[in-house]
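You will see chain A twice below: alongside chain B first, and alongside chain C after that.
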Partner chain A sequence: MTVLEARDVSYQYSVGTPFQITALEHISFSVEKGELLAIIGHTGSGKSTLIQHFNALLKPTSGQILLYGKDINETKETARDARFKVGLCFQYPEYQLFESTVYKDIAFGPGNMGLSKEEIDARVRRAAAFVGLTEPMLEKSPFDLSGGEKRRVAIAGVMAMEPEVLIMDEPAAGLDPRGRRKILEMIENYRRQTGSTVIIVSHSMEDVASLAERILVLNHGKIARMGTVDEVFSHAEELQNMGLNIPQLTGIFTRLNQLGYGVNPLTYTVEQAKTEILRYLHKGGAADG
Partner chain B sequence: MENDSLIKFNDVSYRYESDTDTPLPLAIKNIDLDIRKGEFVAVLGHNGSGKSTLAKLANAILAPESGKIFVNGMDTSDESLEYEIRQTVGVVFQNPDNQIVATIVEEDVAFGPENLGIEPKEIRRRVDDALKSVGMYEYRFHEPHKLSGGQKQRVAIAGIMAMQTECIILDEPTAMLDPKGREEVMKAMQRLNKELGVTIVLITHYMDEAVKADRVIVMDSGRIVLDGTPRQVFAEEETIEKAGLELPDCAKLAHALKRSGVNMPSDILTPDEFVEAFQRCVSGGGVL
Partner chain C sequence: MVKDITIGQYFPGNSFIHKLDARAKLIVTFIALIEIFVCKNFFSLALIFIFSIVSILISKISFKVVLKGLKMIYLLIALTSILQIFYNEKGKVLLEWWKIKITSGGVNTAIFMAVRIITLIFISSLLTYTTSPTALTDGIDRLLSPLKKLKVPVDTLAMMMTIALRFIPTLIEEIDKIMNAQKARGADLETGSLLKRAKALIPIFIPLFVNSFRRAYELAFAMECRCYNGSNHRTRMKTMKFSWRDFVAFLWVAVMLAAIILLNHFFGAVI
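Right after this comes the complex of A and B.
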């Protein structure tokens, strides 16, 4: 079932000034229920502009954003509804923490939704559990936490609104490898357990390859490609020309494949890569090398 | 050689001030470190390991609780030397929004050299060069606040480049950049280092960037746990993982294959090295 759809969306910044910039041009695509879609594109390609359209923070200059088939910009009420159903987590969301305790910060979003106290409490605890925050941490000041913990508090704040679509802009940026892996596992668990649709924007081709089902590639405000991970990463040169890349291991396996070794070029993770090389060596691949 | 030393830490410890009566633990513990002129040093460590504190100490933003730091022989605890120390060591921080001061890109880049009293013609040249080397020249008349995060970061880097400090410390400058932006910034840093002899200290979470440095330092809980060439440091898989870090994927794969009995060397750092080693391995029969 289609949850979100962009129908011929174009957007211009600073219309009527010398700085008028077309940020998005004729964008059309749809996102299915429960899907994990990744959006990649060079800096300035329009990724952040695009996702701000999905919860009516920006209104298309032309075209429509549909949530369950209904235009979210039709009335004030539909826009407000979209803001609750589509949760948007910005880059470096920890800079937006402001409450005196972690609990209050997570409760801020659901608190605006007109829910009962009990419901808010239940949501805060559920969201905290998703991101691995313990009970004693809820009473701490968010400013006494480490960078990675703050990030998780901020994400929990969006999850607590229990949006049907969770959109995250660079959720792992600036984290060390372990923090990075934790955040990504957390997102995957959240999606599996709630059945929510998740859209992530990322510059890490490795993260995208290991997490996403489909990838949308933006280039200068236009859709350059949309498809499965394999479809997108089989176009290495095209991606590189757009300022992007393929994961490091995919690069290695593409090279090996070109050199005549019978390995699958579309290999992404260390685990897959190990299995693939062992398979190749065991079937006596030494002969065709 | 002693006079080759640019930044020298002698048994330095530092702790941040606490809001309560209980003092915070030391953020930096008894660090001895000597960064020599012309080096390209990468500093790795998990979030909270003390990397950024190290940068702030080297730039005299923070003064050590105990021990001494010398920048070109100047004691960073001596406040009268602050100005001269910051003209020697410039810092580019993680978040460019806190570093941009002007309303036009090229004015922002000119801000530093203007304050150093450099003549206008020279400023013009430096600003143009710096913007070109970070790939932002065509945006020189744009408003910085309308740029994307990655573009802003490149403007901030150009601002420090234009001051031509002897040393630039970059605190995760590429965290917000796309692959091409990262590569451009990395190339700009390498060019500054190799062609102009600028000493570079790069704090990063990207292992593939650290691999390109002359020297890699790994921090864990306020201490230096590894210090050596990339090859020496990344051979210590266990210490690296204990410090909350990971090897580059190609190195991880080589180690995993070796453990499964495949004849691969354990000191692979780059995709090229992996491909070569794999070819040698296959022609030699593959399995140990």
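Right after this comes the complex of A and C.
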């Protein structure tokens, strides 16, 4: 079932001033229920502009954004509804924390939805559990936490609204490898347990390859390519021309393949690489005698 | 919405006015502003008004932008003019009704005041439109440097001003970002009573202050790491030099001053 659809969306910044820029041009695509879509593109390719359209923060200059087949910009109510159904978590969300306790900050979103006290409480605790925040942490000031913890509080703040589509802009940017892994696991868990749709914007091709089901490649405000992970990463040269890359391992395996070793170039994770090499050695060992 | 503020903004360019030395521009602007107040009749005022229009044309800044800058003071212009019409009782009576008397003197002064304010805005905004904040503070720094003899910390003041100006666009961007983040969490900033809307600003301003302090600390550390100590032996990457353009500009305002005084003398005063 299609959850979210962009229909011929174009967007221009500062229309009518000397600073007018076209950020998006004729973007059309749709996102299926429960899917994990990754959006990649170089800096300034329009990724952030695009995701702000999905919860009606930005209105397309032309075209439509459809949520369950309905235009979200039709009335003020539909736009507000989209705010809650599509949860958007910006880059470096830890800089938006403001409340006196972690609990109150996470409760800000659900509170704006006009839910009952019990429901808010339940949601705050569920969201805190998703991101691995312990009970005593909920009563601390968010400003006393470490960077990674703050990030998790901010993400919980969006998850607590229990959106049907969760959009994350660079959720793991600026974290150490362990923090990165944790955040990505959290997102995957959230998706699996709630069955919601997730859209991730990322610069890390490794993360994208290991998490996403489909990839949307943006280049200068246009869709350069959209397809499964294999489809997109089999066009390594095209991606490199856009200032992007393929995962490191994919690079190695593509080169090995070109050198005449019969390995699958579309290998993304260490685990896959191990299996692939073992498979090749077994087969190859037999052939070469 | 926050991004629509044009007053004090800098529009990079390559015109004659952009290329003027910042010190020269400051002095020329200052003299031109004085000239506006020296004008005593419509002929001299027209001269300086045309001068401001021609300057805008030379700077290649679009009139749309300049007029947008006027937006904020339309009310001020209207108010001043209306007060002049009703309270000035000089000259011929044009209209009399009950206690209200409109005189030719009143109408003249009203028009005069309006044109005067518009010219003021044109000329002063042209300075910031065509000079980068850094060049501007450098210019002020250099012009005020004689005050150092009186132990006024001109360098430090200039540095403070540079930093303050430098962070205006950063703060505007930051407000935009935080507003979007809170709106994404369902914050409602546009509807509700005044109290409710004031309350809605808390989630915006707390992160803004927290981030500003963090940024100030970071900047202070970075400056200290590079041994900044505010001494007055600092040199500059771009040394300022007067060129032929600056002399043309000086000559221009000097000739204008003479012309205005002559026009004032020959055509008598309106106000």
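Observations
Everything below uses one rule, namely that the second predicted complex is superposed on the first by the 284 of 289 C-alpha atoms of A that agree within 3 Å, B and C clash if a C-alpha of one lies under 4 Å from a C-alpha of the other, contacts with A are read in each partner's own complex, and residues count from 1 in each chain.
Here is the rule we use: contacts are C-beta pairs under 8 Å (C-beta built on N, C-alpha and C of every residue); 3 or more make two chains touch, one makes a residue touch a chain.
For clarity, every value in this text was computed on a predicted model and none was experimentally measured.
With the two structures aligned on chain A, chain B clashes with chain C. Looking at the shared chain after the overlay, A:E206 reaches chain B, while chain C stays out of its contact range.
Of the two partner chains placed by superposition, only chain B is touched by A:S146; chain C is not.
More residues of chain A are in touch with B than with the other of chain B and chain C. By the touch criterion defined above, A:Q52 reaches chain C but does not reach chain B. When both complexes are overlaid on chain A, the residue A:V270 reaches chain B alone and has no touch with chain C. In the overlay built on the shared chain, the residue A:P177 is in contact with chain B alone; chain C does not reach it. Of the two partner chains, chain B is the only one that A:L281 touches; chain C does not reach it.
Look at A:I252: by the touch rule set out above, it reaches chain B but stays clear of chain C.
When the shared chain is aligned, no partner comes close enough to touch A:N189: not chain B, not chain C. Judged by the touch definition given at the top, the superposed model places A:G109 against chain C, while chain B stays out of reach.
With the shared chain A as the reference for superposition, chain C clashes with chain B in the stretch 76-84, and the other listed options (22-30, 76-84, 148-156 or 202-210) are free of clashes. When both complexes are aligned on chain A by C-alpha atoms, chain A residues 14, 95 touch chain B in the first and chain C in the second. Those residues of chain C whose C-beta lies close enough to touch chain A in the complex are 3, 11, 62, 64-65, 177-178, 180-188, 202-203, 206-207, 210-211.
Against chain B, the residues of chain A that register as touching in their complex are 13-14, 19, 41-44, 48, 91-92, 95, 146-148, 170, 173-180, 203, 205-206, 240, 243-245, 247-249, 251-252, 255-256, 259, 261, 270, 273-274, 277-278, 281, 285-286, 289. On the chain A side of its complex with chain C, the touching residues are 14, 16-18, 52, 55, 57, 80, 83-84, 87-90, 93, 95-98, 108-109, 112-113, 143, 157-158, 161.
Across the complex, chain A is touched by residues 45-48, 94-95, 142-143, 146-151, 172, 175-182, 205, 207-208, 244-246, 248-250, 252-253, 256-257, 260, 262, 271, 274-275, 278-279, 282-283, 285-287 of chain B.
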